[in-house]
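Per-chain residue numbering starts at 1, and chain names A, B, C and D are given in the order in which the chains are listed.
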Amino acid sequence: MHLYRPEEECGIFGIFNHPEASNLTYLGLYALQHRGQEACGIVSSDGENLHTHKAMGLVADVFGDQNTFSKLPGSAAIGHVRYSTAGSSVIKNTQPIMVEYSRGAIAVAHDGNIVNAQLIRSELEAYGSIFQTSMDTEIIVHLLATARDDSLVERITTALERIEGAYCLLFLTESRMIAVRDPYGFRPLCIGKLGQSYVVASESCALDLIEAELIRELEPGEMIVIDKNGMSSCMPWKKVKPQPCIFEFVYFARPDSFIFGKNVYMVRKQMGRQLAREHGIEADLVIAVPDSGVPAAMGYAEEAGLPFELGLIRNHYVGRTFIEPQQSIRHFGVKIKLNPVREILKGKRVVIIDDSIVRGTTSRKIVKMVRNAGASEVHMRISSPPTSYPCYYGIDTPNRKELISASHSIDEIRKYITADTLGYLSHEGLTEAVGEENSSYCTACFSGDYPIRFQNMGRNPQLDLFEKEYIK
Amino acid sequence: MHLYRPEEECGIFGIFNHPEASNLTYLGLYALQHRGQEACGIVSSDGENLHTHKAMGLVADVFGDQNTFSKLPGSAAIGHVRYSTAGSSVIKNTQPIMVEYSRGAIAVAHDGNIVNAQLIRSELEAYGSIFQTSMDTEIIVHLLATARDDSLVERITTALERIEGAYCLLFLTESRMIAVRDPYGFRPLCIGKLGQSYVVASESCALDLIEAELIRELEPGEMIVIDKNGMSSCMPWKKVKPQPCIFEFVYFARPDSFIFGKNVYMVRKQMGRQLAREHGIEADLVIAVPDSGVPAAMGYAEEAGLPFELGLIRNHYVGRTFIEPQQSIRHFGVKIKLNPVREILKGKRVVIIDDSIVRGTTSRKIVKMVRNAGASEVHMRISSPPTSYPCYYGIDTPNRKELISASHSIDEIRKYITADTLGYLSHEGLTEAVGEENSSYCTACFSGDYPIRFQNMGRNPQLDLFEKEYIK
Amino acid sequence: MHLYRPEEECGIFGIFNHPEASNLTYLGLYALQHRGQEACGIVSSDGENLHTHKAMGLVADVFGDQNTFSKLPGSAAIGHVRYSTAGSSVIKNTQPIMVEYSRGAIAVAHDGNIVNAQLIRSELEAYGSIFQTSMDTEIIVHLLATARDDSLVERITTALERIEGAYCLLFLTESRMIAVRDPYGFRPLCIGKLGQSYVVASESCALDLIEAELIRELEPGEMIVIDKNGMSSCMPWKKVKPQPCIFEFVYFARPDSFIFGKNVYMVRKQMGRQLAREHGIEADLVIAVPDSGVPAAMGYAEEAGLPFELGLIRNHYVGRTFIEPQQSIRHFGVKIKLNPVREILKGKRVVIIDDSIVRGTTSRKIVKMVRNAGASEVHMRISSPPTSYPCYYGIDTPNRKELISASHSIDEIRKYITADTLGYLSHEGLTEAVGEENSSYCTACFSGDYPIRFQNMGRNPQLDLFEKEYIK
Amino acid sequence: MHLYRPEEECGIFGIFNHPEASNLTYLGLYALQHRGQEACGIVSSDGENLHTHKAMGLVADVFGDQNTFSKLPGSAAIGHVRYSTAGSSVIKNTQPIMVEYSRGAIAVAHDGNIVNAQLIRSELEAYGSIFQTSMDTEIIVHLLATARDDSLVERITTALERIEGAYCLLFLTESRMIAVRDPYGFRPLCIGKLGQSYVVASESCALDLIEAELIRELEPGEMIVIDKNGMSSCMPWKKVKPQPCIFEFVYFARPDSFIFGKNVYMVRKQMGRQLAREHGIEADLVIAVPDSGVPAAMGYAEEAGLPFELGLIRNHYVGRTFIEPQQSIRHFGVKIKLNPVREILKGKRVVIIDDSIVRGTTSRKIVKMVRNAGASEVHMRISSPPTSYPCYYGIDTPNRKELISASHSIDEIRKYITADTLGYLSHEGLTEAVGEENSSYCTACFSGDYPIRFQNMGRNPQLDLFEKEYIK
């Protein structure tokens, strides 16, 4: 049987009514590459047919041959980048998914995670549907194909009524592009304009790259339909309290993006300042674990009145598939990404800022590396609360057993990572840094307060690993 | 006829007497990837035969398949990364070059540029030598093959007596590894130890990655021979005044490397401080053109007492081959690498720090980008003097006609890049930042004072482009 | 919308209960390569999962890498070779088709052509089925997936009740292999034994290659189920009068195969003898259009008492994809396959034997080629009646407009091909050569007597080209 | 050190002064594919530069992409096909070899084998020449590069004076094509005309394909120079008694070719007739081992008054690389190529005609196969004398230890291959079949009379395997 494979963090991009639609989608995906490095794809429409090109690999590799774009003609296109996850990574599990059904051709790109995917899939298969992939996104197209409604908008409405979980979706048909953000609004999605073209993207940095103007973010529960008559919007599903994912601010989004009403860099710097207020310590300098820790480290240094230095240099050619050398020299893992600058660290009391600690193994290696480079004291500061609960809405966290803070006290963690002191940003400090007016973020990974109940989730193997007592 | 193709900036790495020699060479090249992204290769020796694997592409791609290493057996290996240059980039022009001649097999990897390559090549061809590549490095192996000396060390000595220019070389035979740094010492080369193994690398960051200990840098004019009896050193060529390349500090080397007796990050920060002293201005914040401008920007901000901010976010997936989209949207060039953070820049008087200005086109785009993001004033500061002369010793500068500062005054450049003010670090300021004791760097790219005369250069087409009056 | 793409001539092979099932399937497909050169594939079962490898190309290319077989583990396997047809040749239209549906995984390989494919497909799509390919074979798996019967045998029975046309099918599940020959028995299918293993193949030559023993041919309308308990047989569909395809004897099958109760070579030689009796002529020698014309030519020569010579030499490296050179030299088409031997033909009265004339263009080139080589007279003899009607049961004939004998008299054809005389084997002569006891072959391509009516065929674009008056 | 690799049977083709030179060379190589299936290549000249494309594989695969020809521009081209030999088959050992030396660019294609290659190579390397391949053909270009003569014709004359062995050569420079046949004339080479273009090919069948007219064969020791002024000829080397290879008639050439003044098919048929006269036997029918045995079998049947039947059917998709399945089923070797027709052979006394017996293992399998198919008697007849001596002039025979007739009597061979009787064509019968006027063929493989002495052959490892007593 299929292994259930949740769609993890992804990036989506679409453009309608531009003579170089697939080219611009390529650029948009390029700007969203941080949301998924495993695979990518584009589907374009020339008004009569959909055309597709998908492959494992980075955007620049998959679309590196200029000829590719001649095979993606048309004035509308949607694209997708997928996060790197181990194991079941195969070419057929790439997006956008493109199918032909009784009403014609449709393509869909999905960022998020469907919680009740397995249950719906079993039901559809029992009635004779044949699935081609192990992606839960394919459920959506089968729900569309079996929906009896006349219009596509109604069929999408009917189909998504069945879906529980996090989803930002982009649909493309021969003549329309449709964007949907789920009622909780877990993941970001924004819309912009480039001349007479409409552009939809996971983050505003993709609009910046192609010099499109940001109109606004989609509302939670909003469906936007773009066709030759322009853009229209509706909110066809039951309203719920929005729960945007706070981890997008902590780690996932690009610092130059504007999401959930704020600039990510500014929020991160604010987290660093708050962290300095909560966990100040006497020290000589502040360094960051690059790159996600840099803005918080700068905020911390500013607030603490300490110099900020580039004490760890990142190898800029990492970030792409790195084949580890053989067993005996595998321990170079962290060194391949980071190298300490001995001249800066030698004899100094160093504060290191990182955004989170997952298993603790990387932090342990970094603390040791900094100490070996000559630091006299090493103080680890984390710009978010302990990550004690796995995410079911699209962030690729390991299951609870692997999360060090699910089973260890802060002092135990400190000992494990061999730091002199360790401080996490408090839950209150985090929400304050993000801004009080947004008190309703999804913070399930810190708190265990999951916005969606799990009664309908079927045979999710991830859940089997998840001890029931942790679901509050 | 062949088009003369100078070897440009490259990185070289070698290890002798380690059971996983090719694996560690792969890691070493990975750390040196910034010195060349176009192509790479490794030659290993198993004591009886040399084995080779070379291809166009990044290290992680070319050696991405773990099986590759089983085809590179043996306890010694040398590797090479080559810079991306346009046009004649073909697979056969990759290094290390490996040949079999009457004395057996030998491989060579070269960082630098041979000034009299064309002349020697013509001579060798006249006597019947057949060249397989258009790389000037191939001249060295033909000189070795025709040298009548008995020992390899003598043959290398004889061969290199003919060579003028910049060269760091690594030779590998079945039983020996030989490292050479040219008498001027233009390019850096260091030697380290990892257990019982000797390691040679262009920069110390490659030693750090594999946790080898830096012994020292090679002296200008030094040849080091490593074999089963250990390491020996000699200085067989006529001594000249060393002229290490100051541009390695300005731009080319990695900030965590230790070269020419100093840490690069520290030197760059010092350049920034000196720049602030020379060209201070009233402003609200300092930003850098990432990544090479960051240390200088931090030094400037510190000295000027201004906040340093990440006003330009770099897309970390650039740095690899990026296929430009078609003509009409090609102007996205700079945006693909950098995105401004509007929230930081809006309404602010901004100082931008970059390491150099070449053609001026990129600076112009950056100034406009920052102004479009809302900056009220834009002050450009450059952490080196105007680059007015091309380099013949391995740095890939354009010819003089394309260097904006060769033909324009500083104020003309300021107007062209549309900055409110523009300041370059002075020549004196640069050498002071580097440290007075090293008063004898090669600064030809700033001054036109070329250490090697050109009388013997033959048909170098690069020289044809170079007006005689500029050679002082 | 999909262009309807009929499955044309193909070859299928399966083996159950052999430790090297996929290896032997590869050999079996190799022997059946003449039935399809465009694409091929194998699906194997290891008892728990199905494994698949398919690609465009010849068997020896697609399975040329020995590692392939390690990815096709298990003791049962089925394979498929597909004929080369223009245009819609794409990788996804390769067989066996493998899907997962509510009852598990199933693979199917199909030789033949489904006449009512488009109709059923439209119906299935209306109820929400999503098709992944444009092959009509996919209909069968959707019918299986929507069938409500409990057992697989019943589901197959139900599904095939809907299907009209020609089909030899091989199904593979985790634990069973099922072979089906349609009630008309259009295409050949035989079963054999190799030790404890059962083998099914389109032609007996595939059994010969792996040294399996031929048990018997499947009966028209027979379904054979092979599992760990051995082999069982049933005839679940309504009985009709069998109509095996006489063109398999004329051209399609391999001469060493035993099909429809006879050896193909012997039948072809008999056709040649009969042809000599019907269309004898004074001549010096008999030559064949190799290779399919050779046995008939030998029979003709024997009966006529004339020497048989190899007057046309075939290039044995043709038979695989041949990329035609550019326009101006494209007329070399026939020369690439055949070269006349001048020394044999010079000054001679030559009888040329071919199996059929389709468009007439090739015959015309051959006649000219033989005459240019010096023949004084050229007499063309065809070992079958004029091919005046297209085939709807799997032979890749062009549509009726392109068949020269559909619109031209024999004398007109003779003039077109520039032969001195032209004689076709009579319809009676053909059936006599095949053997009177088999008076009920499908001879629709000669006679227009189609065994299956077309009322349900839906939007078959092939039919649109087919003038109604020709359907008797 | 290099393993010495003799150039084996090959095919060469060249054309001068045709707008589609590389296209026609592709066709010419296609017709010569039987002379080499391992690798192929084309070098074209556009008057200013040479262009090259070479790869492992069949002509139709290597040049399968029409775009290839746009990279081979110009009105002159030469091409090469290389025979499949085990082991050292690597891409760099493909031809034509193309180099640039002091006099410009030159390419060379070679059919034959240089006997003193190793000796000359060692000498050249001692003077500093660096070899890139292990092909002995490369020696020729180094001899050209070191020759001091002024004109190319003189340099070729000087270079080839040093060469001993068999060679047909085609040289191509920017402005000339030069064809050379060695003084012994071991291998065939002919020249033809196509309009205003000159064409050179190993066999006339390549001229036929492109509809070029055969002018004549090159004389042994002739050099033909073709340039914009037309064609000129000279005989610059010392005259020796010609010794064309009789094995070209027996096996290697295509039956439709005209070589050494005769048609190959006619000669083979004559061999069959002579064989019947020498070794007639009472039997029911004659079959051939296809395809090379067919003409002789037809001659034998004619002379013996027996029917000729296709008792062994060849799989026409063999002849290309066939990856053998794993160990346990490897014994299918011969069955993959040939399948007996039971209905023909059952109960019959069968004469099998083959062209030669090398190791005896294949003949043994064929005899068994025919007997298993029901033959009551099996009489093997060979249309050439026993092959007891290896070839040093280009035919890929195994070394003497593996040749069954070098160490076994005819009756021992008969027993080994399990035939009822065995008869070889006599040496006199062979030369009579070829024609008395050509009494001076090289028959070294049958007689051990090698035309060239071996005193200068150096370290040829093939010779080490060759016991001295066999050199008469």
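Note that a contact is a pair of C-beta atoms (placed from the backbone, for glycine too) under 8 Å apart; a residue touches a chain by one contact, two chains touch by 3 or more.
Because the structure is predicted, anything quoted here is derived from the model rather than measured.
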Required steps from subunit B to subunit D (each step between touching chains, minimum): 1
Most distant chain from subunit D by Cα centroid: A
Whole-Å gap between the CA centroids of subunit A and subunit D: 63
Rounded Å distance, subunit C centre to subunit D centre (Cα mean): 36
Subunit A-subunit C separation of Cα centroids, rounded to whole Å: 52
Where subunit A touches two or more other chains at once, by residue number: none
Chain pairs that touch, as defined at the top of this document: A-B, A-C, B-D, C-D
Sites on subunit C touched by subunit A in the complex: 2, 99-102, 122, 125-132, 141-142, 145-146
Subunit C-facing residues of subunit D, complex: 20, 23-24, 26-27, 30-31, 33-34, 37, 58-60, 63-66, 69, 205, 208-211, 254-256, 258, 263, 265-266, 291, 294-295, 298, 302, 307-310, 313, 315-317, 319-323, 325-326, 328-329, 332, 335-336, 339-344
